[in-house]
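There are structures below to look over.
Next, two complexes with chain A in common: one pairs it with chain B, the other with chain C.
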Partner chain A sequence: MRLETRKLLDKAFSGLGLIAIAVMATALVLILSPIIWRGSKAFVFKGTIEHRRVMLEQFNRGNPDRFNQEWVQVAKAREPVYRMLADFEAEMREMPSSERREYRSAFKELQEAVEILLGPAPGEDIPVLIRKRYGQTRWDRTQIKLHEVLYSEEWDYSNPDAMGILVEKPRLEQFMGTKLEPFFAYVEEHIDEIMRPKTTFYWQFITDTSKDSHIFGGIWPEVLGTIYLTLGAMIFAIPMGVIAAIYLCEYAKEGRIVSFLRICISTLAGVPSIVFGLFGLAFFLNTMHVSDSRSVLAGSMTLSLLILPTIIRSSEEAILAVPRSYKEAAFGLGAGRWRTVLTVILPAALPGILTGIVISMGRAAGETAPIIFTAAVSVGAPLKIWETLNQPTPALPWNIYNLCTEHEAVDEIRHVQYGMVLTLVALVLLLNLFAILMRARISKKLRG
Partner chain B sequence: MKRIIALVATTALVGVASAQTKIVIDGSTTVGPIAKAFAEYTMAAHPEVNISVSESGSGNGAKGLLNGTCDIADMSRSMKDTEFKACADKGIQPVAHVVALDGLPILVHPSNPVKDLTVEQVRKIYLGEITNWKEVGGPDQKIVTISRDTSSGTYETFEEKVMEKGKIREDCEYVGSNGAIRSRVQTTPAAIGYAGLGFVDKTVKALKVNGISPSAETVQSGQYPIARPLFMYTNGYPALGSPLYQFVTIHLSEDGQEMVEDIGFVPVTAY
Partner chain C sequence: MTGNTSKSLVMSDAASIRQRIGSWIGQGFLLLATSLSAFAVFFIFYFILKDAIPFFQLEGFKEFFASKRWYPSGHPAEFGALSIFVGTGLVTLGAIVVAVPLGISAAVCLSDLLPFGIRQIVKPVIEILAAIPSVAFGFFALVVFAPLLQRSGGAILATGAWLVLGPILALLVVVGGDLLLEKMRNRIQGKKRYLASVSVFGVLGLGSILFLVFLSRRLGGIEINSGTNALNVSIILGIMALPTIVSVSEDALQAAGRELREGSYALGSTRAETILKAVIPASVSGILAAVILGVMRAIGETMVVWMASGNAARIPDPWYNVLQPIRTLTATIAGDMGEADHVTGSARYHVLFAMAFCLLAFSFLMNLASELIVKRSRKKLGK
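Coming up: the complex of A and B.
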């Protein structure tokens, strides 16, 4: 091959490599930036007075005196809203019945929209459902709901050959010439005083329990459930995995059986996680009855099976990487095999083993399929440590899925879903970062 | 030594006692919102009771009750003979508590001009005999049918009340929950689907069926043709006064009725 061709090929390859890295980096940015941007809105957002009310009444947080002062002003700003509604209702009662009918459904719609925006009117009974007790807690949602107060949505079906078109009509037009006429301008102009948006740092999002199935509050049961499941999986997987690796490297005689075992372990690593989930349900719950319902215990056991191959393989590699001379020196000093493994090989291989463990921790924290049937529920209280033996728990990966597919009010609480995603991604990234740092420290130490 | 045994015994007793205050609920995604609201309500009044709710479909709820992995099976259909038999063989006695009523609304995208379908038309759409909205008074658009998966009670109600043993067309899209039906319909203008009443909001349009729109009155009076009760099944009637008993009787209280109504379903009581 001529020199120029070789150089050209060389350049072409390094160019391809650069392109590949650039594509990967863009993909990473494209995936991570919306996660971070949207997820951060669960923690930092413009909260309204209703948010502070939820915090005070549901979580006993905030200064009651300061809240009450603010609330007095808000009530003053809201008073004309309710007065105008009441005035119109009185006006409507005076109307002849034919005219009244015209307004009735439009007024009912408006009342409902106002209730969604501001919560129940003063003097009304406190609703049983917590979601009905408060108005909009977030400024972004407030603006959407304000729009719904000001405009009614109608669909124009006049073209029979096409789908209808959404037409937004100002509700003002419907109530022109009545006592409700100034209502719309008032609400629009005074929405700041009515809702009092303030930049809010809600870092307790992680440590608060959820109220009314995630509509208010935070995600502590999910975070705690994920931690329990991950730690539980580690408790089962680490001893089994490390012991298996030591046996395979140090004790077993290389032969057909050992290579067959290795093939089995590699295959286990490739089994889809949902298969582990179904196995966990069939074996741990329905056959072994480790607990009488789904539980953290059953989920941890299933997850531990999933990460076992990773731990075995990484431990094996770490053990094989220990220089032969260490072992020979130990034998030379008269140490037995057991003592050599325990005092020489394991400490030297520990960094590599730990890296494998941390990486599989990240895997266990993020897996959904193995816990669907064995441990996860959509709503539950944070568990105490002994309750993990027989009780199921919510967990981040499963609840993200559950929120976006099953929750009845998912469009109202997207921020919770994004917040959960960010928390999970941050958790896994932190674990991986920890693994990288550890590996760096260890290789430095080994180099001397 | 005696002291240690006593200590162990008390710990075990406490353990058993605390085990009794957990209620595990599994089953229908339609009943899910009611179960979640009731769970919150119970836990607020009795912090010592730990209730967890999962939503994996009526069929899975029945299996959970059969295998003893849940205390309450939420179901949006009644138990089948085979399920009753399997339970009886295992010594489990399923007791039904009807917590609410539900009219199964037929959902379309709000931009769809069609307002009214007959049960016959809905059946023909799902059979694949009607494939274009033009045939039922809409624009020239191919109908996208969306259905619940076959483990769902909502599916079985639909099959019984609408399909009458007819086979759903092969290219029908099956999704795993009520929420998924709603999100598919709200993003697909030519779609048709069905879900529980509690899942209807402004982003989808519930059609009139045989000229009757689904509402509390039409469901209770039986005028709305695709209606059904929503169940919670327990193993035997729960011990009176137990947390489980309190849970399955919430819907009979005024608070329970308000919650059922506010979520969007039809209560069985009328205060």
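Coming up: the complex of A and C.
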């Protein structure tokens, strides 16, 4: 091969490596950016008057006087809407029955669309379901629902060879020549006055309970459940993991038993997370009966087994990184082995051990599979601390799955799903960032 | 005074025995706490196997491993898990195809090419990628990636083909053309040489561009019926397996040592030749261990496949058609336990434990293999 070709190949090889790194970074950005961008819209968005009504009536938040002033103006703007609907209903009653039949179903559809947009008409009974008591709370959803008021959707099956095509028709055409004709132009032009969108910073999304299975409100039960599960797993895993690391580093003599223990630890690290879930169900719940049903306790125990190997390994690394001279100095001063471990080695290794603990906290917070059968429940109130012993809890990872696959109104609550994912990812990444910074400090300290 | 000092320094027999017993008890306690993970492993194997055996007693082995008919709630129920095994294998294979070339090149780049400063920036990127919870990946696959694939799958496939094959073909053209010219050099002289090189590169370049255009046309015409399919899951699983593969194989490459590299440079090799012919062969076992660990991550992953694989228990037609929905072992366990939980003791409940046992046994064997490989390579490198 010519030298030029060899040089070219060398450059291409470097390029390949750089491309691989670039692809990895791009993948990270591509995955995180929609989560961050759309997740932030659960916190900062244009809220309509209906959002402020939900806040006032369901969460006792906001200034009632100012709301009432605003509500009077909104009611004034909405009055023509309801008047035109009522006028048309009267007009329809006068029509000959054949003509009336023509309009009836179209009118009913329109009424329903208006109710979804604005909530129940004034004077109507208050519906039982909370989600039916209010109109659209978010401006982005408002525009979609407004479109549904203005246009009707029909499936066109005229071409028998192809799949049906969705066709949108302006409802205006349906009601041409009736008293409803000016209705559509009015709603479209006055939607700002009708809904009064205002940029809202809803940080209470994290600390509010959810109303009517996440249609309104926040995600506090899930956040709290995740915190309980993570801390519970830590309570079991930290002592066991740190003790095991101390034993393996300071006491054990390399031999059959230790190498066997090491194989067990690495096997435990390789067990698929769903198998941990099944084990938790079969052992903690069906055999040990730690609680009657799924519970935070059983879930924490399962999670603690999952993170135990991580904690052992990182603690071991931290203990081994303590300079030999520390230990020798302690021995030289006449300290016993146990005293050396407690007063010299552990304090010196503590930052490293904490780094491992923080990273495994992030892991425990994000794991879903082990808690499906042992701790998670789709809908629930925030638990009191003593209820964690025998009650299941909603948790962020499980409810993300649940809301985006099994919820009855998946598309309506996309913002809640994204908000939950963002909260979980932010929680985990903050923990990891903390660990990275801590490790950087340690390495600086050890170097200098 | 002297007697007093010696008294405090030399222990009486009783005190010595007491201290020895104390240290024995203490060490015993430490050993017990350390054995917790050993107990956990045994208990996991025992309890999964205990609930898996009744299934094989009830239904036997043959149907489970050989039949494609999976109707656990039918009358009579059928438990043919072959298609589920194939689905697991297919997405794992897909994840390997995505993750292994990328991961190894990234590891090489990290260990041998990048300066220290940039490495310190790239490493946190890998850590962040490893830290993102699997349910977030699953959410991305289901809510963002699947609709995208469904809407413009052909365009994405075509762009992917250009991005992946373009640089590779360009390289092949340059190197192949160069080799051809070298062979011709003796026969052609003078001005003709210039003409020959133009024509060789022209023909090769034009040919590969035409090939790419043809391929991307074909791929662009593909319509994807469902965005939740094996391709989607393979790509996401590949990305999830990347951090493991990169960090473990980077460790292996680092362990190959400076002397080896310097020896190779001294013989006049370029950096690429050093890495390809000296460093990688020396650390191949460590890289293999990294790949195994990455594969285990992909096989054991639950949420992504449950959310985005389509969960259809059938073998794609043909078997490598990654554009069709599939179903995996982990997703079946996660999805069916909700219904089977109420019928504890039935074959439907125990079949899930049988699947879990297969997963467990496989990951155990893989883990042992990777441990052995790493141990042997350490011995070989003399560390």
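Basically, the second predicted complex is superposed on the first by the 429 of 448 C-alpha atoms of A that agree within 3 Å, B and C clash if a C-alpha of one lies under 4 Å from a C-alpha of the other, contacts with A are read in each partner's own complex, and residues count from 1 in each chain.
In this section, a contact is a pair of C-beta atoms (placed from the backbone, for glycine too) under 8 Å apart; a residue touches a chain by one contact, two chains touch by 3 or more.
Note that the structure is a prediction, hence the values are computed from the model and not measured.
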| query | Touching A:D411, do we find chain B (first), chain C (second), both, or neither? | reply | first
| request: Give one of first, second, both or neither to describe whether A:S293 is in contact with chain B, with chain C, with both, or with none. | output: first
| task | Using the touch definition from the top, say if A:P397 reaches chain B (first), chain C (second), both or neither. | result | second
| field | Partner chain in contact with A:G362 - chain B first, chain C second, else both or neither | value | second
| request: Could you tell me if A:Q69 is touching chain B, chain C, both of them or neither one (first, second, both, neither)? | output: neither
| First (chain B), second (chain C), both or neither touched by A:P127 | first
| request: Examine A:D161 and indicate which partner it touches, taking first as chain B and second as chain C; both and neither are also allowed. | output: first
| query | Does chain B (first) or chain C (second) touch A:T207, or do both, or does neither? | reply | neither
| query | Looking at the overlay, what does A:T26 touch: chain B (first), chain C (second), both, or neither? | reply | neither
| query | Hey, what residues of chain A end up touching chain B and chain C alike? | reply | 286, 372, 404-405
| task | In the complex, go through chain A and note every residue touching chain B. | result | 127-130, 132, 153, 155, 157, 159-166, 211-213, 285-286, 292-294, 372, 376-381, 383, 386-387, 390-394, 402, 404-408, 410-411
| message | Using the touch definition from the top, list the residues of chain C that touch chain A in their complex. | response | 23, 26-27, 30-31, 33-38, 40-41, 43-44, 47-48, 50-51, 101-103, 105-106, 108-110, 113-114, 122, 124-129, 131-140, 142-144, 167, 171, 174-175, 178-179, 182, 239, 242, 246, 270-273, 275-276, 293, 296, 299-303, 306-307, 330, 333-334, 337, 341, 344, 352-353, 356, 359-360, 363-364, 366-368, 371
| said: List the residues on chain A that touch chain C in their complex, please. | reply: 1-2, 4-10, 12-21, 23-25, 27-28, 31-32, 34-35, 239-240, 243-244, 246-248, 251-252, 257, 260-261, 263-279, 281-283, 286-287, 305, 308-309, 312, 337-338, 359, 362-363, 365-369, 372-373, 397-398, 400-401, 404-405, 414, 417, 421, 424-425, 428-429, 431-432, 436
| query | Which bits of chain B are touching chain A when the two form their complex? | reply | 15, 18-19, 22, 24, 26, 29, 32-33, 36-37, 39-41, 43, 50-56, 67-71, 109-113, 139-141, 176-180, 183, 189-190, 198-199, 201-203, 255, 258-259, 262-264
